[in-house]
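The two complexes that follow have chain A in common; it is paired with chain B in the first and with chain C in the second.
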Partner chain A sequence: RLRLYCVPVSAKMALKELSSLEKCLGLKKPNKYSTQGEKKVPVLQNNQGSALVGLVTIASHLVCEAQRTELLGDSAEQRAVVQQWLEYRVTRLDGCSKDEVKVILKELNQYLEDKVYMAGNCFTLADALMYYGIHHIIMELAVEEKERYLNVTRWFDHIQHYPGVRHHLPPVVVLRNRVYPSSQH
Partner chain B sequence: MGFGDLKTPAGLKVLNDFLADKSYIEGYVPSQADIVVFDALSGVPSADLCHALRWYNHIKSYQKEKASLPGVKKPLGQYGPAGMEDTTVGVPAVKDEEEDDDIDLFGSDEEEEDEETKRIKEERLAAYNAKKSKKPALIAKSSILLDVKPWDDETDMAKLEQCVRSIQMDGLVWGQSKLVPVGYGIKKLQIACVVEDDKVGTDQLEELITAFEDYVQSMDVAAFNKI
Partner chain C sequence: MTKEDVKGAAEEEQAQSKKALKKQQKEAEKQAKKAEKQAKMATEQQATDEDDFAKDRYGVSAMVQSQERLGRTLIRVQDLTPEKANQLVWVRARMHTIRAKGKQCFLVLRQQQFNVQALVAVGDRASKQMVKFAANITKESIVDVEAVVQTVEQKIETCTQHDVELHVERIFVISQADARLPLQLEDAVRPDVGVEEEGRATVNQDTRLDNRVIDLRTTTSQAIFRLQSGVCQLFRDTLLQKGFVEIQTPKIISAASEGGANVFTVSYFKTSAYLAQSPQLYKQMCICADFDKVFCIGPGKGRHPLQHHAPPTCGFWELSHFAGRHLLGRLPSCTIRELCIAQVTVHRSSWPDSLESVQEDGGLERPSAVFRAEDSNTHRHLTEFVGLDIEMAFNYHYHEVLDSITDTMVEIFKGLMDRFQTEIQTVCKQYHSEPFKFLEPTLRLEYQEGVAMLRAAGVEMGDEEDLSTPNEKLLGRLVKEKYDTDFYVLDKYPLEVRPFYTMPDPHNPKYSNSYDMFMRGEEILSGAQRVHDAQLLTERASHHGIDLEKIKAYIDSFRYGAPPHAGGGIGLERVTMLYLGLHNIRQTSMFPRDPKRLTP
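Then we have the complex of A and B:
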C-alpha cells in the first residue's frame, strides 16, 4: 500500500532545492530567496526592484544566469518537452494527493520505457526538477513498487548519480530484487 | 561476466534484463563499455526487448563522439551480469602456472575496481554536456619469464645472471630471478622482465642472451603475458 506521499511543501524545502540547483549549475554566488503565500512559492528579488516568482521561472532564470541554456533544450522539440515536464512538476507533482501518486508513477513509467532522460538524449532542467520533486515519493516506495515502476526507478537512480545533482537530498537505495520477475507492459 | 552470444536471442535477452534498471552498461554515464557492447550487436534490438532498444537508441545518439567517451575498452566478456559464463572468443590468456615452483614471480592479477570507485571515477570523468576526455597513451607491454640454461652443474650461475642482467635495452626492465634445479645438480636461471612490445622482442633477447656462450647453453620463454 502506498503510504503518506503528499508532503506539505515547506519553505525550507523549496529554498533548499533552489540552492542545490545553483550548485548544480556551478553558480558561485548564492541568491537570496523568499517565499510567498500558503504554497510557499519561491520569490527572487532582483536589484531593479522587480521580482521573479515561481519555481520554474526562477530555475529557468538560473540556467540562463549560469549560461547553461542547453539545459532548457537545444532544439525546438526538445525545448517543448522540457517545458512540458517543468509544468508537470509544478501542476501535477507538487502537492499531489495519495491517489494521484499512483497515476503519476504509472504515467512516468510508461513515458520512460524508451527514454534515458526526460527530454532528448541528455540531461536537462526537466530531469533535475522532476528528480527533486519526486524524491520524497521514491524514498517511500516499497521494493515491489520500485520493481513495478522499474523505468521510473532506473531513471531516478541514474539522475541521482548524475554529477552535481543530488546535493541536499539523501540517496535512495535502488536494489533490484531478483525474486520479482520483470513485468512486461 | 558477459552476456553470452549477443548475436543470439538468448544473449539479447540477458542484455535486456541487465538494462532494465540501468541506463548504461557501466556506471551512470555513457562510456567505452557501451560502445564495446553496441558494436557487438548485429542490429537494432526488437521492440519486445524494450530496455535493450531504449539503450541502443540512446547510445546511437553518441555515435559522433564515441571515440571521446570516457573509459578504456575491455573485452566484451568482461561486461554484463556477474555469474554468466564468458563465452566470447579472444579472452586474454590466463596466466601459466609454473610446473617447477610454487612461488608466483609476477604477483597477483590486476586489481578489480569495486563498483563505488568505478562510479566515482566515472562521475569525475564526465563533463555535464561536453563529451571530451583525454585519451591516455597506451603502451603495449608484456611480462616475460625466461629460462636460461647453463652448460653443466659447474657453471658459475652468479656470473651467468650478471651477464643476463648486463643486457640493457630501451623498453626492457629486468625483474626478479631465481635458480631452479632441473636435475643432475644443474640449475637453470629463471628471470623475469617487462618489455615494451614495440621495442623488444623475444628473438632479440634470445640472441643477446645466448651470445654469452661461455655460460649460456640455451634460453627459452617459460611464460609470456600481456600487461
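Then we have the complex of A and C:
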C-alpha cells in the first residue's frame, strides 16, 4: 500500500473540511465556498462583495457566526495558544514533506504529554482543525508508530470521538492495549 | 685549465678529502658504538640466561606431531571451581587477553564458552624472563598451562569462572597465532547497546562472516551453535520416541517440487537436474510405501530469480549461481568435521576430490542443508539452510498430525529450557531478549480469527488474502498481548495461497486443511494435509498450471492405495534464531549462504 504523507491539496478536501466544521458548529445553513490559486485556498464570498480568504480566517468567521466564540479561547492566553495552533496547521502541517512528518509527530508528542486538549482545558477550534489536518497522517501509521507517538494517538482518539467532530473522515482504529513493549522504542 | 682553476680544483680535492675523512670518521664511530652495544647486549643476555632459573618452565613447544602419548589429564576450564582449590592442574586454552604490570602478568584463558583468569608472577616458580615471555604471547595462541588453582576473595566479574584464579607454574605455546588478527574477540562479544557512549568498537556482520573461523570462537557463537545442535537432537529424539523413522531423500531431482521455474540447476551428465527445494515429494512417497511416520533432516537449495544457460558438459558437479559460475565442492563429511573442530577456513569453490554426499558427523550434529533461492537478501532468508521435515499418516483427521507436531515443538522448547540454560544465558549477555514463552496445549487460532484480530487493529485485508510479513509480525504481537505466548498455530489457510498438493477444506472450498506455525511473530513451519487421491491431485496440479508430465512419478505413487497423511517442515536456523530472540539468520548459520555470499 502506498503511503502518502503529504496529500496533494485538493479543493474537495478543503471544502469538505469546512462543511464538517459547519456541522460541528451547529450551523444550519451551509455556505457556498470556492477556491483560489494552486494551493486551493478556500474563499467565502459574502454579500457585501468582499471575500474571506483562507482556512483559518473562514473558520474563525464561522465560529463567530455560530456564536461559539469560546472555541477560539476564553482567556487572552488561551486565545493566543489557539491562534498558534491554527497557524501551525496551515504553515507546518499542510503540505509537509515525508521527512517533516516525523519531526511534527515528535514535536506534538512532546507537547501533548501533559495536555488533554491543544489549548487550555477544553475543546477549541485548534483541536478541530489540527484533527482534520493530521487525520491523513495518523491513518497511515502502523500500530508500532502509533504506539511510538502515544500522546498524539491518545489526543487524536479523544478528538475523533468528541461529539460532532468527525463527520467526513473515517475513524482510525486505536488499540486499547500496547502490543509493543516500551523498551523497544 | 688556468691557474685559478687548478687552485680551485686542488681546493676542491682537499675539501673533498676532508669531507671523505669526516665521513669515514663518523662511520668508524658508528661501528664502534654498534660493536659496543652488541657486546653489552651479549653480556647482558649471558647474564640473564644464566639468571633464568625458570628456563624449562616456559617456551614454545615443538609442533605436536604425536611425538609421544603423554598420559596427562587436562582439566576443562568449565571445571575450574573452588572445589579444586590448591590443586596443581594442566589446562589447554586460548590466550584471550594479556595484561602485564611490572613483575606480574595477568592472563585470561578462554575455552569455548568459559574463561578464567591466570597470573604469572615473579617468584620462586617464575622468573622475570618467564613473565616477559607470557606477556608477549600473541592473542588467540593455544597454550598449555600448569597452574595451582587458587580461590579469590573478590569475584572476578569479567570471567565465567569468577571465584578462582590460576597461579601459573609452567606455560608452553602449542600453536602460535599471528600477531595481527582480522578481528578482536573482545569486540566481537560486546553488546551493541550503549556502544557509542563508551566509545568502544563492535564488529560488523560482514567482517564476522568473512572471518567466520575466528568469529565462531566467541563465547556467544559457541553457545548459539551448541543450542542449535540441541534443537536438532531434541527433534530427532522426540520423533524417534514417537515411533518415527528417519529417512534420507534425494537432493538431485528432475523436476522442481513447488512447481516454480526458479531453481538451482546442476549439470547432470548430458542433461540438467535440479537441487531439491524440499524433501516434500519423497516424504510422501515414503508414506505411500507404508513407513507411516517419517522425518528427515536434509539440505536444499531454493529458487533464484535468474535462470542460466546450460553449463559446459563435464564430469564434475557445477552449480550455476546468479551471475557467476561457482564450483560447489562436495567435501567428504570427515573434512567438514575437521573444519568445525580445527576451524580452518577452506575456500568452498575448490574441485571436489570425491562426489561422496555429505553425511552427518558424530560430533556436533551437522545435518545437511536445504537449498532455497528466494530472491530475498533479508535478515531471515538463506539460500542454503537445514530443513527438519515431518510426514505422518493419520486415521481420521489431520489434527492428529498437527497435535503431534506441536507436541514435538513443545518438547524441543522444554528441552532447551532444561538443558541449555548456560547457553541461553551466554547469548543473552550479548543479545538480550525476553525468555521464550509457550502454552500447553499449544495455542491454535483459525486463519479467519487471525484476520479478524488484524482488522480490529486497523489492518485492511481480504478474507482469502495471504498474510504479508508485516501483518504476520503484527498478528504475532497481538497474539502475544492477548494470550501471552510466543508460539502459536494458525489453522485453515485459504486454499488459493497454498501449494497444489494441499487438501481443500471439506466444508468450505475456499479454505484448506493447512497450517503455519509462528515463533515470536515469524513463520517457522508451513504444513498441511496432503492430497492422497491421484485424481484430485491431477485436478489441483492442472488448476495451478503444472506440467503433469514432470510430476508423473509423484502422482503415480498415489494410485496404489495411499493413506491420508499430513506433515510440515521447519528451518533449523530460523528456529534457533527465534528461540533466542536474535535478529539475523546469519548469526545462527555457521557458514551462511545468501545471494551475496558464497565463502567461506
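Keep in mind that, in the parts below, the second predicted complex is superposed on the first by the 176 of 185 C-alpha atoms of A that agree within 3 Å, B and C clash if a C-alpha of one lies under 4 Å from a C-alpha of the other, contacts with A are read in each partner's own complex, and residues count from 1 in each chain.
By definition in this document, contacts are C-beta pairs under 8 Å (C-beta built on N, C-alpha and C of every residue); 3 or more make two chains touch, one makes a residue touch a chain.
This is a predicted model, so every value here is computed, not measured.
In the three-chain model built by superposing on chain A, chain B and chain C fit together without any clash. Within the superposed three-chain model, A:122 lies in touch with chain B and out of touch with chain C [touch as defined at top]. Contacts of A:12 after superposition: neither chain B nor chain C is touched. Once the two complexes are overlaid on the shared chain, A:143 sits against chain C while remaining clear of chain B.
Angle at the C-alpha centre of chain A formed with the centres of chain B and chain C, after superposition on chain A: 80°, rounded to the nearest 10. One of chain B and chain C touches more residues of chain A, and that partner is B. In the superposition on chain A, contact of A:39 is made with neither chain B nor chain C.
Residue contacts after overlaying the shared chain place A:173 against chain C, while chain B stays out of touching range. In the overlay built on the shared chain, the residue A:106 is in contact with neither chain B nor chain C. In the overlay built on the shared chain, the residue A:98 is in contact with neither chain B nor chain C. Closest approach of chain B to chain C, taken over C-alpha atoms in the A-based superposition, is 11 Å. Comparing the two complexes, residues 174 of chain A contact chain B in one case and chain C in the other. Those residues of chain A that touch chain B in the complex are listed here as 68, 70, 113-116, 121-123, 150, 153-155, 157-158, 161-164, 174, 176, 182, 184-185.
Those residues of chain B lying in contact with chain A across their complex are 17, 20-23, 27-28, 48, 50, 53-55, 57-58, 61-62, 119, 123-124, 126, 128-129. Contact residues of chain C toward chain A in the complex are 456-458, 470, 474, 477-478, 480-481.
For chain A in complex with chain C, the touching residues are 142-143, 172-175, 177-180.
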